[in-house]
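Next up: some structures, all given as structure tokens.
Common to both upcoming complexes is chain A, partnered first by chain B, then by chain C.
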Partner chain A sequence: MNSMSSGVPSGGKPAAAAASAASGGMAALRALLRNRWIRALFRDPLTTAATLFLLAVVLGAAFAPWISPYDPYRGVISERLLDPGTPGHWLGTDEQGRDLFTRLLYGGRMTLLSAIIPIGAATAIGLTLGMIAGHFGGWMHTLIMRTLDIFYAFPAVLLAIGVSAALGQGMASSLIALGIVFIAPIARVAETTVRKVEAMEFVEAARAAGASHLTILRTQIFGNVISSVLAYSTTLLGVSVILASGLSFLGLGITPPTAEWGYMLNNLRNFIYTDPWIAIQPGVCIFLTAISFNLIGDALQAAREDGN
Partner chain B sequence: MRTTETNALLEVEGLAKKFPVQRAFWQEKKVVHAVNGIGFALKPGRSLGIVGESGSGKSTTARLVLRLIEPDEGKVMFQGRDLLKMNRKELRALRKDMQMVFQDPYGSLNPHMTVEQLLRFNLKVFGLDGQGRQKAREAMEMVGLPERLADRYPRDLSGGQRQRVNIARALITSPSLVVADEPVAALDKSVQAQVLNLFLDLQKQLKLSCLFISHDLNVVRFICDEVIVMYLGRIVEWASSEDIWRHPRHPYTIALFQSIPQVGSSRELAQPIRGELPSPLHPPAGCAFHTRCPFADETCARERPELKEAAAGHRVACWMAEDDLASRRQAAAMLRP
Partner chain C sequence: MMAFLYKRILYVLPILFGVSLVAFSLIHIMPGDPVDSLLGPQATEEDRLRLVTALGLDLPLYEQYFRWLAGLFRFDFGISIARMQPVADLIGDAMANTVILASAAAAVAIVLGSVFGTIAAFFRNTWADRLFSILGLAGVSIPHFWIAIVLIILFGVVWQVLPTSGMYSYTGDRAFGDLLRHLLLPAIAAGAPTMGTMTRMVRVQVIQVLQEDHVQLLKAKGLSRLRVLAHVWKNALPAILTVLGLEMGHLFGGSILVETVFSWPGVGQLIYQSVSQRDIPMIQSGILLVSLIYVLVNLIVDVLHGLIDPRIRHT
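Presenting the complex of A and B:
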């Protein structure tokens, strides 16, 4: 750390401050690169490609207005279905003349939201339910797990469609529906892990030390369960993307003219024989995003196992 | 088993616990009486050893005494108060005074907590964490752990070091009762000696009352003032350490001592106890040991002997031990090489 003797004016102050900021930044970067999880994301060429692709989707979604000047919602009808490679529209235009690249960028926002929000909420809820069921046992365990079994019994797609249809059209209802779908499997993984941790002697030691239930859950159980649950959750991100796109495809998700890959896929499928290079693009994006999430989830899970 | 010690720190009476065993719901419900009518007393500053084979119920007893498992029957009086009548809050507050040292050095420490965090956790539970760092350091010093290990995780420590952490953790709230469940069973013999010496020193220094569970008779002989021998959930003999070694009276105890391998003795092989441990699901009628006892007769097969004083301060549950002369003869017969 730099220490300046007081009262000594120095022309080198700003330079020294910048230098220390830079060295601080370098140290932070080095710490980041040493981090087990960050290294896992770049463990082999395929995983690296997945990480970079997702990074591109995130950045594209975040900076879409600055990257592309086109309006994603209103198009020039006379310019519909232009081929990719047309000057000014490097990926072509859709059936309403909207620039496809722009639509894909904005669609990325919806896709990322429909992955992260439902999984995030389901993880929080599922983890809580799993910890309560696994720790307290007895009637609480039976009540929670058997109720979750009801949800577990439905195929994910069917459940998502059912809940989404019941809640009405719109992004919010599809996000809620997806969240509900994932609570049961996550809670199940959480409960199994909690039961395994409960059997360990250090939990008994904490009980023998006189800790209350809440203290035990917070200090002993949570830390040992969270990594397993998160590793499992990340593998579900890809599934969520596919399901969300499916819901939009069926008209249950977003409302037009929102850009969303599944919805775009539905609109463009009529043109698959005439303009295949346009029609497949949303599908390719869905596919790549889902696979990237899966690869990253695998990498993180492997990193977790190495750490144990 | 009635005790007459009124100044005992810990008094246990008629303690019993059974576990249901059922393979499938259509099979009849069977029950294992893990602990079946145990009673003993522990005076302040004394150490009591409980020995027995696996399945004798000694570990269950340890946990029942601390009420980590709920007993089915019985009384556990600690510092004159009945543990089993307390509500959860009172019980939790009392845990400051009665701590446990666990057997498994690898499973009994949370892998995500440093040594200092592990020690201070026990303090924090009771709000005693003011100057927690210092107290943790002192505890580490007391058990002979170098200070540099304070920020280490259990995976960086050896088995012996982990057990020292276990001991430090148990002692950090200055309890008056320490229950040790086979604390050295998982350690190498050389490390065992170190940890046992530590235990003995601490016990003397801090004037602890200690309940020491072990299957290893040599360990118990070294550490304990009094010894209880358990078999299939019951006490078969209870005497002072010296007495039980000099003059074991119950055939099971005698057989146990005989089965200890002796280096350099005239016997070439250790003498295993003949017969097999009966299934705890179907304990034998009468005396539980009669199926393996060389002295058993029809009384033994029919009626269960109660724990009775056969000599001053020496209690046995055996029909054959009632007559002092008879038991002396039998002991002599069995110990002859």
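Presenting the complex of A and C:
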């Protein structure tokens, strides 16, 4: 009581600052929970489960060395292909006696990275191309969109296989291959949205006021296009996980002995007759991750439509 | 209608040209020398030169491209470097097998997807809707190479009721029944993602049409559910057809992964093997042909679209 009323010059200020920071923090948290995008992630039990599962996969991948005591690359030969439920190896061990849970944690890193990075890159490139094509129109539009049509003409898996085969084995070529696959659809969504926005009065007004192309693109169009492109890009994450792991399943993506779900699944495929419960596990991870991304994509898409 | 047809074909031609250009150049940025891997370490410089000339690899790139393109029009796709057989023969056989698999997968996907999607839409927000919506979501999220393995484990290892590899039994007389038994599991695996897309798409389309005034009127007039369904489907068909055309790419492309798991002797498996053998003519023509079929299927879908819905012809 005494210190609170008299100690103003010495301790009062930091205490008040801390208090206001704390209440500010609470307010920020409350605002975050009221945010419609965040709320969409928890809109129903299934979507909530998907969000929590992805959170667990991301945290597991990030903190794998601290979660598991095992080395993902060194196995014990006498402990090959132990069944799930074995004490110490609750998901069992693989063909080299490596702890499967550990391999799956580390594998999540590679699979997530090789699925998310191409989407990020393709979003940036597709957004730029789509905005240029949609805004400037004319021959620029024709050139960009007709070129992208060519990439549309390849089935996605085939294009990814072709490009990563051409670039050689390795994670980089898998990233580039998937990036190329996703540029065309993202650019199309961006272009369609730009043309819708361009027809609106505020863009007309900006143009009449003498704003430059760059200013219009930056201030009027970008903000409107980015949300629909991002919402669309999230819906592609599920496909990206499947394609990325599919490439390494074929031996085109990540090089051994790096743990990656698709590559692990292909390796363990040889043991379906003796150890089916071991063999299917990397596939379960790919499936659950993809379905979670798709559930979240659906939720975000619905939230965006409600917002408009 | 004819003008519409010409316009669609004119639109497709430059795309086909671009596709051939991409297929050709993809392979020329590939690392490693195909001639070296063909000849092995003991080959002399003369052997090397002779092979390079025979394959036309010493010509300038643009000349190689036009030679290749000109060959395509004569159904001459070159010689497979790894197998020393005409590419056209190899791809022809494999393509037939892939078409069998892809059509079966399409049939599975179309039938299940239409039924699931329609039921979900008609009984919107009931347990049936939730069940089939989740099935649709599972379909689009399932890696086909994994569902293939799960199917092999269930039907081949645990229950041992279906064959899990190849197209015919070794002892069999290549009977149709034998083919069907071999076809079932790969068709389900390759069709699962398209089944998922179809279910989701049909559900949304049917819900949309159900809300339109003329359907409300039909219902108010007391038409039976089945008759209403027929009307709804007629209106939803164009959009569904378009999605199906795009999905053909998935079916063909996805069969690459499914074919490798089931050892199905199709184009997918052929391309996959050729990639590891650096068999340039084989990969080039394989990728080109699959894309060509994809583009043509979409052209046909476009034209059908125009036949069903006259409004399309004038846009």
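Quick notes on this structure:
Operating definition for what follows: the second predicted complex is superposed on the first by the 286 of 308 C-alpha atoms of A that agree within 3 Å, B and C clash if a C-alpha of one lies under 4 Å from a C-alpha of the other, contacts with A are read in each partner's own complex, and residues count from 1 in each chain.
The rule is simple: a residue touches a chain if its C-beta (ideal position, glycine included) is under 8 Å from a C-beta of that chain, and two chains touch if they have at least 3 such contacts.
The model shown is predicted, which means the values in this text are computed figures rather than measured ones.
Superimposing the complexes on chain A yields a three-chain arrangement in which chain B and chain C fit side by side. Within the superposed three-chain model, A:Leu167 lies in touch with chain C and out of touch with chain B [touch as defined at top]. Once chain A of one complex is fitted onto chain A of the other, the partner contacts of A:Gly238 are limited to chain C, with no touch recorded for chain B. Legend: residue contacts after superposition of the two complexes on their common chain; A:Asn224 is shown touching chain B, with no touch to chain C. Of the two partner chains, neither chain B nor chain C is touched by A:Ala62. Aligning the two complexes via chain A yields an angle of 90° at the C-alpha centre of chain A, spanning the centres of chain B and chain C, rounded to a multiple of 10. In the superposed pair of complexes, A:Arg146 makes contact with chain C only, with no contact to chain B. Of the two partners chain B and chain C, it is C that touches the larger number of chain A residues. Once the two complexes are overlaid on the shared chain, A:Met200 sits against chain B while remaining clear of chain C.
Looking at the shared chain after the overlay, A:Thr215 reaches chain B, while chain C stays out of its contact range.
Superposed on chain A, the gap between chain B and chain C at their nearest CA atoms measures out to 6 angstrom in whole units.
The contact surfaces that chain B and chain C form on chain A in the two complexes do not overlap at any residue. Chain C contributes residues 14-16, 18-19, 21-23, 26-27, 29-32, 134, 137-138, 140-143, 145-146, 149-150, 152-153, 157-158, 249-250, 252-254, 256-257, 260-261, 271-272, 275-276, 283, 287, 290-291, 294-295 to its touches with chain A in the complex.
Taken together, the chain A residues at the contact with chain B in this complex read 200-202, 204-212, 215, 219-220, 223-224. Residues of chain B that touch chain A in their complex: 66, 68, 92-96, 99-100, 102-104, 107-112, 121-122, 125-126, 166, 169, 173. Contact residues on chain A toward chain C in their complex (touch as defined above): 46, 146-147, 149-151, 153-158, 161-163, 165-168, 238-239, 242, 245-246, 249-252, 262, 265, 269, 272-273, 276, 279-280, 283-284, 286-287, 290-291, 293-295, 298.
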